[in-house]
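Lettered A, B, C and D in written order, each chain numbered from 1.
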Amino acid sequence: MPLYHDEDQAMLAETAQQFMAEQGAIKDQLRHWRDRNCKDGFGHALWKQFAEMGFTGILVGEDHGGLDMGHVEAGIVLEEIGRNLTPSPFLSSSVLAATALKHGSDDVKGRWLPDMVAGEKVYAVAIDEGPKHRPERIACKAEKSGNGFRLSGKKDFVVYGASAEMIVVAARTSGSDSDEDGLTLFAVPQDANGMSHDSVRLVDSSMASHITFDGVELDGDAVIGEVDGGRAVLNAMLTAGRVGAAAEGVGVARGAMDMTVDYLKQRKQFGKLIGEFQALQHRAAHLYSEVEIARAVTIKAAQLLDGGSEQAELMSSVAKAKVAKAAGLAVREGVQMHGGIGMTDEYDIGLYMKRDRALQEFLGDQYYHANRVAELSGY
Amino acid sequence: MSDPESFRSEVRDWLEANCPPEMRQPVRDEEDVYWGGRNASFKNDAQKAWFEACRDKGYTVPEWPKEYGGAGLTPAEGKILRQEMARIGARPPLSSFGIWMLGPALLHFGTEGQKQRFLNEIARGEIRWCQGYSEPGSGSDLVSMQTFGEDKGDHWIVNGQKIWTSYADEADWIFCLVRTDKENKYQGITFMLFDMANDGVSTKPIKLISGNSPFCETFMDDVKVPKSYGEDIPGYVGEINRGWDVAKYLLGHEREMISATGGGDRASSLGAVTSRQGELDPVLRAEMAMFDVDALSFTAMSEKFMDELKVNKGHPAQPNMLKYAGTELNKRRHELLMAAGGSRALEWESEETSGGKTARGWLRTKANSIEGGTSEVMLNVISKRILDLPGA
Amino acid sequence: MSDPESFRSEVRDWLEANCPPEMRQPVRDEEDVYWGGRNASFKNDAQKAWFEACRDKGYTVPEWPKEYGGAGLTPAEGKILRQEMARIGARPPLSSFGIWMLGPALLHFGTEGQKQRFLNEIARGEIRWCQGYSEPGSGSDLVSMQTFGEDKGDHWIVNGQKIWTSYADEADWIFCLVRTDKENKYQGITFMLFDMANDGVSTKPIKLISGNSPFCETFMDDVKVPKSYGEDIPGYVGEINRGWDVAKYLLGHEREMISATGGGDRASSLGAVTSRQGELDPVLRAEMAMFDVDALSFTAMSEKFMDELKVNKGHPAQPNMLKYAGTELNKRRHELLMAAGGSRALEWESEETSGGKTARGWLRTKANSIEGGTSEVMLNVISKRILDLPGA
Amino acid sequence: MPLYHDEDQAMLAETAQQFMAEQGAIKDQLRHWRDRNCKDGFGHALWKQFAEMGFTGILVGEDHGGLDMGHVEAGIVLEEIGRNLTPSPFLSSSVLAATALKHGSDDVKGRWLPDMVAGEKVYAVAIDEGPKHRPERIACKAEKSGNGFRLSGKKDFVVYGASAEMIVVAARTSGSDSDEDGLTLFAVPQDANGMSHDSVRLVDSSMASHITFDGVELDGDAVIGEVDGGRAVLNAMLTAGRVGAAAEGVGVARGAMDMTVDYLKQRKQFGKLIGEFQALQHRAAHLYSEVEIARAVTIKAAQLLDGGSEQAELMSSVAKAKVAKAAGLAVREGVQMHGGIGMTDEYDIGLYMKRDRALQEFLGDQYYHANRVAELSGY
């Protein structure tokens, strides 16, 4: 498969670009909800529009109302989300949760997928336990209880958790904290007794929950996939989520870069456009290289994932780390090259910096993934 | 100078007697800082006692001459005092742009009358000053400023706008660069001093990406600035139309100040601090180690710079290098603090993070390499004045 | 094009039958490379057999038209052939600047007579070419070149000096930029072709910091260059005085070539390779991991670039970006190889290091970001042509 | 103590600078011996001159003919050595070996120090066992034998080992390879039976030995310091050597930088001096900052060492790592900014790159020392 968008993908990209620029623009979405101190952190009306466009069902099979497309296509939408900093549960619901649900029984799929595809419901995922991403270690416990399970423990960094109608929770049904086996994924409904959210606003104005499960009783049909066999589902979900987060990060990087390059062409200092200064030119050109490379490896990872390649896991970490490096550079250079006004809340460049930071942290930062690249490469 | 060891023990005794235990705690927030001024109030009795003891001893500005409110210490004595204060963790008794910026300019360019009045006011914390340099649209290019003072004989009528004036909304007076000759780019700027209570002065705070900030926009609308405040007390520093010389001198001084503190909490290892919060990922640990190498090295550079400064060694443009390296380092430090803090550090308003302290601190550092001369300007200056590169 | 899968199996069969086992070993040194030319000799029978089989099949230049010595493959077929050759580790049957550089220029700018003669000679390995671009003192600034050809009606008399002509001492012919109009900076250069055996041509090898090198200085002392080598075979490419167009086209092509190989041995993890030699220090391991992130990402970029090239997608200045990023990456790779190799890698002549292979390889990579357009020139081009920055 | 050279030190610096520029210049020493393929790799006549200048005895007490100065002073000489790439056994003999011998008995000192101070003899040190610096692990064995010891094992990267009249060898007299205790240092004379050198030329044209000790019989008086108590002596020697290597590295960095900045002022491209290009100006200015900082921390480490501070060990690693980073940048920028001619053997800038590489590796590279900074800081 050639490493660029085919015709259908190019058409989707054009559609997504136009849609997001019109409906998901910073002033209409991010600033709008932020300045109203919205407790969801995103707009439900826009989520409905996502559904109308078919975006919500990109990774969902046709049986459940989806488009049955792949991660390249999901990445196309995410790149535009990133570029416009559009607050949306797309990554959590339509990539992470959708990937997990794919591994569920027909019952589970039928129960959750159509509503999500229709834009009626949003879902979240609860993985981290502590401030850093360490999915190798899961301590949350789900003990057998009658025909179902009793869930106890804490989860952190559950993005849009308090707004989600259902949360995919990775919990331990056997073994000890660091065991590879013994995990099970559960679809925990919003109204479950004993689940409480401490919802906090993050630097990028998105919302995330610290969730406490205090003996939450779950039916057996809350299980996604096999009991004790959740590691594979979790890994599939993480790989998909990382590739998706990388794609969104590429959008953030490109948005910040484009805004900065435009600024270089307008702002004058010492009687010259600052874009005429060779030192800034070289830094901008270096940044361009890094962002293009990050974009290439992200599409590559998505293609490998869609193709079922064994390399997908490694390349998802490569992409996540590379995008973190490139996008981090883009927002730092962006703020610096904007100078003083780049520091003001009034200008958008700072919003890119904030979103980049939250996205970097989500599902593992560059250090986590560089380490994982080393481990997967056997050193 | 007095015998260093006897001076040291004298200082120790004095600090022991005068610095209250509460004033030996690290500064936690803005409330812990005493800025002085007409409307100042003390947070508590300890802050008041410590300030007054220092004021009376001349220790708010220990190296300034006694007649201007200082203690007249030699540089070596000043260093001993700082060391001893650092040893017990004593807070600065008074923070002030008057001390850091206007004072040095007056000591260098001021008339005797100006020194008598303004330096004493600063040393005694009576007047709080702010700085009016940047304008919207001028940025690093200070000489392109537009704020204009029309000459009316014994006074000017000033119109224009300044930006990035720290604490303009709380300051009593401003030292302000104003164009007084439109023809002459460099030699047409005057370094004026005036009261913020004058008619026509208004301020508006600037909200930063890190949240609310001490920065303001300051508007001047037909503000009357007298050319004299009494005998030998001109309403400007240096000569009329030669304010650029004062500003340049002061910028250099500001860079020294920033460069001396650029590395942040420098002496300690960042990796040691952050690893206490939780185990560091191996690659992050390596980044911390590489950072610590750079940061501990920079601490030595700062020390070398300060030591050389005292004996007039070192290249005069060296502060530009320290400013550049120190601020870039501080930005890196806060990137790593965010990485070590993980998702908790992302929180913006939560109680657990004291209202997003880590994240706001991180964002705030991004201004370090912009304010007081951008990193790019610093590199230009190094190229030109130290490396003597052509056309720089 | 033919059905891809049947083409693939055809290629496999042919390779199986024609590529000797010895030619499926990695290239270890210069001896293993066959460059062709008048004075060429084969290292062994396998090299000869492999070359001749490819030559007869048109596989020395598989995508060139059959009438010029190629196999007339489509880009997609060419990719399959490369994949299959890579799969069995087949060596290139013929290496040549004629294939990489002059050929593409002739395919684009050449007359039919030139193509018939020169392309066939290249494809069949009969004539070995070298490139005469740089001059001492011109460096990145090619148009400042001084080598001059005086017009003598049916020929030029050329005088001057070229530098960085690879293998000039072993080449048969040279394609060479010569100034033919002193008034006109850009439109005064002609892209000439001539025999190195001509009177007045001499060469001198250049010793590099990595040791002996294929590079030479080439001196031209009253060299006679005919304007024509027969009917429809001019002694220059493109038009007289418009050689700069050809050179620019070729530079772009060279960058594509370098950028496609820039990451070196790219698909494998550097950390995996080096950690087999001995345990990596934790901080070095972290550096390796960060490098592998960049290198594996660059591999994807190269692949994307090559794929897009085949369908004329992608920005035309993109090769400059790949050249920049690829060569900088390769330098970093070799720095890390030196670090992993430790004191053993420092050895310069020892048998254990095959005569300092690691160290010499490391030093050699330092030229990557200079030859074929410096990194600085690449960044200038990206600024101007891709980012459209003002005055770039 | 203020962090700059006092008057005496400034005078020494001036003397050393003049001496090295006149006697130790690249064309007269490094190129001279290299082009003659000299098996020593340095000039004995120059070593004699070092002695006449008093340099050889900087760290040696007056009892043994030395000047009894400190590591700041040794660093002053080393910086000039680095700047001129002067091949010399100064670091091995007068810093490393001299520091070890300081811990020896009066007998040991009397036997070895005066000849070194007089420039009659040169010494080497044998620490590494393998291609990377890992002094925590010493496998070379010295077993009791009669009144003395029997030394067996292999050592690598013994700089100027084949030319040395005596080699300081760290060997194990008890315990196992990674034990802290159980080390002993020996002064092994050149003519010891059973010691063989495989002497190789390094990239910087210096010579180094792989040494095999095949049951070398040593008298009891070959011991430097206490039997089994060698770790402290080894550490002292390593700290001194690292600070010295850092000082030499500062000289290499400054030499390369000065040569490059000069070149920027002379070379024209596109009708301009290349030093007029802002992108190069900013890189040169950044390089200047890094080199100045590296120099400051190197002097700091030397002062701490001279003052007997506990911080000296940490700061020696900080200095060694920082100098490696700064000098590496200096030589890389140097070659790149010189362009094609920087790649030719004819120009000196490449020689700086080669020397820097060997010096980086000597006594631990930046990765080793950054790791050590982390360990000494407790993480």
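By definition in this document, contacts are C-beta pairs under 8 Å (C-beta built on N, C-alpha and C of every residue); 3 or more make two chains touch, one makes a residue touch a chain.
Per UniProt, the chains are A, B, C, D = Acyl-CoA dehydrogenase.
Given the structure is predicted, the values throughout are model-derived calculations rather than measurements.
Asks: What is the chain whose Cα centre is as far as it gets from that of chain B (Acyl-CoA dehydrogenase)?
Replies: So the farthest one, by centre of C-alpha atoms, is C.
Asks: Whole-Å distance, chain C (Acyl-CoA dehydrogenase) centre to chain D (Acyl-CoA dehydrogenase) centre, using C-alpha means?
Replies: Chain centres of chain C (Acyl-CoA dehydrogenase) and chain D (Acyl-CoA dehydrogenase), defined by C-alpha means, are spaced 41 Å apart.
Asks: Could you work out how far the Cα centre of chain B (Acyl-CoA dehydrogenase) sits from that of chain D (Acyl-CoA dehydrogenase), in whole Å?
Replies: One centre to the other, that is 42 Å.
Asks: Measure off the straight-line distance from the CA centroid of chain B (Acyl-CoA dehydrogenase) to the CA centroid of chain C (Acyl-CoA dehydrogenase), and report it in whole Å.
Replies: Those two chain centres are 56 Å apart.
Asks: Using Cα averages as centroids, what's the distance between chain A (Acyl-CoA dehydrogenase) and chain D (Acyl-CoA dehydrogenase) in whole Å?
Replies: That pair's centroid distance is 51 Å.
Asks: Which chain A (Acyl-CoA dehydrogenase) residues reach two or more other chains?
Replies: Within chain A (Acyl-CoA dehydrogenase), residues 277-279, 281-282, 366, 370-371, 374 contact more than one other chain.
Asks: List, in ascending order, every residue of chain C (Acyl-CoA dehydrogenase) touching at least 2 other chains.
Replies: Residues 282-283, 285-287, 289-290, 376, 379.
Asks: Given which chains touch which, is the overall layout a line, a ring, a star, complete, or other?
Replies: complete
Asks: Touching residues of chain C (Acyl-CoA dehydrogenase) toward chain D (Acyl-CoA dehydrogenase) in the complex: what are they?
Replies: 134, 139-141, 144, 163-164, 206-210, 278, 281-284, 287, 331, 335, 338-339, 341-350, 356, 359, 362-363, 366-367, 369-371, 374-376, 379
Asks: Touching residues of chain C (Acyl-CoA dehydrogenase) toward chain B (Acyl-CoA dehydrogenase) in the complex: what are they?
Replies: Listed in rising order, the residues of chain C (Acyl-CoA dehydrogenase) that touch chain B (Acyl-CoA dehydrogenase) are 282-283, 285-287, 289-290.
Asks: Of all residues in chain A (Acyl-CoA dehydrogenase), which touch chain B (Acyl-CoA dehydrogenase) in the complex?
Replies: Within the complex, chain A (Acyl-CoA dehydrogenase) contacts chain B (Acyl-CoA dehydrogenase) at residues 128, 130-133, 156-157, 200-205, 208, 267, 269-271, 277, 279-280, 328, 332, 335-336, 339-340, 342-346, 350-351, 353-354, 357-358, 361, 365-368, 370-371, 374.
Asks: Using the touch definition up top, name the residues of chain B (Acyl-CoA dehydrogenase) that touch chain D (Acyl-CoA dehydrogenase) in the complex.
Replies: Against chain D (Acyl-CoA dehydrogenase), the touching part of chain B (Acyl-CoA dehydrogenase) is residues 269, 271-272, 274-275, 280, 285-286, 288-290, 292-294, 296-298, 300-301, 303-305, 307-308, 310-311, 313, 321, 324-325, 376, 378-380, 382-383, 386-392.
Asks: How about chain A (Acyl-CoA dehydrogenase): which of its residues touch chain C (Acyl-CoA dehydrogenase) in the complex?
Replies: 2-4, 261, 264-265, 272-273, 275-276, 278, 281-282, 284-286, 288-290, 292-294, 296-297, 299-300, 314-315, 318-319, 321-322, 325, 366, 369-371, 373-374, 377-379
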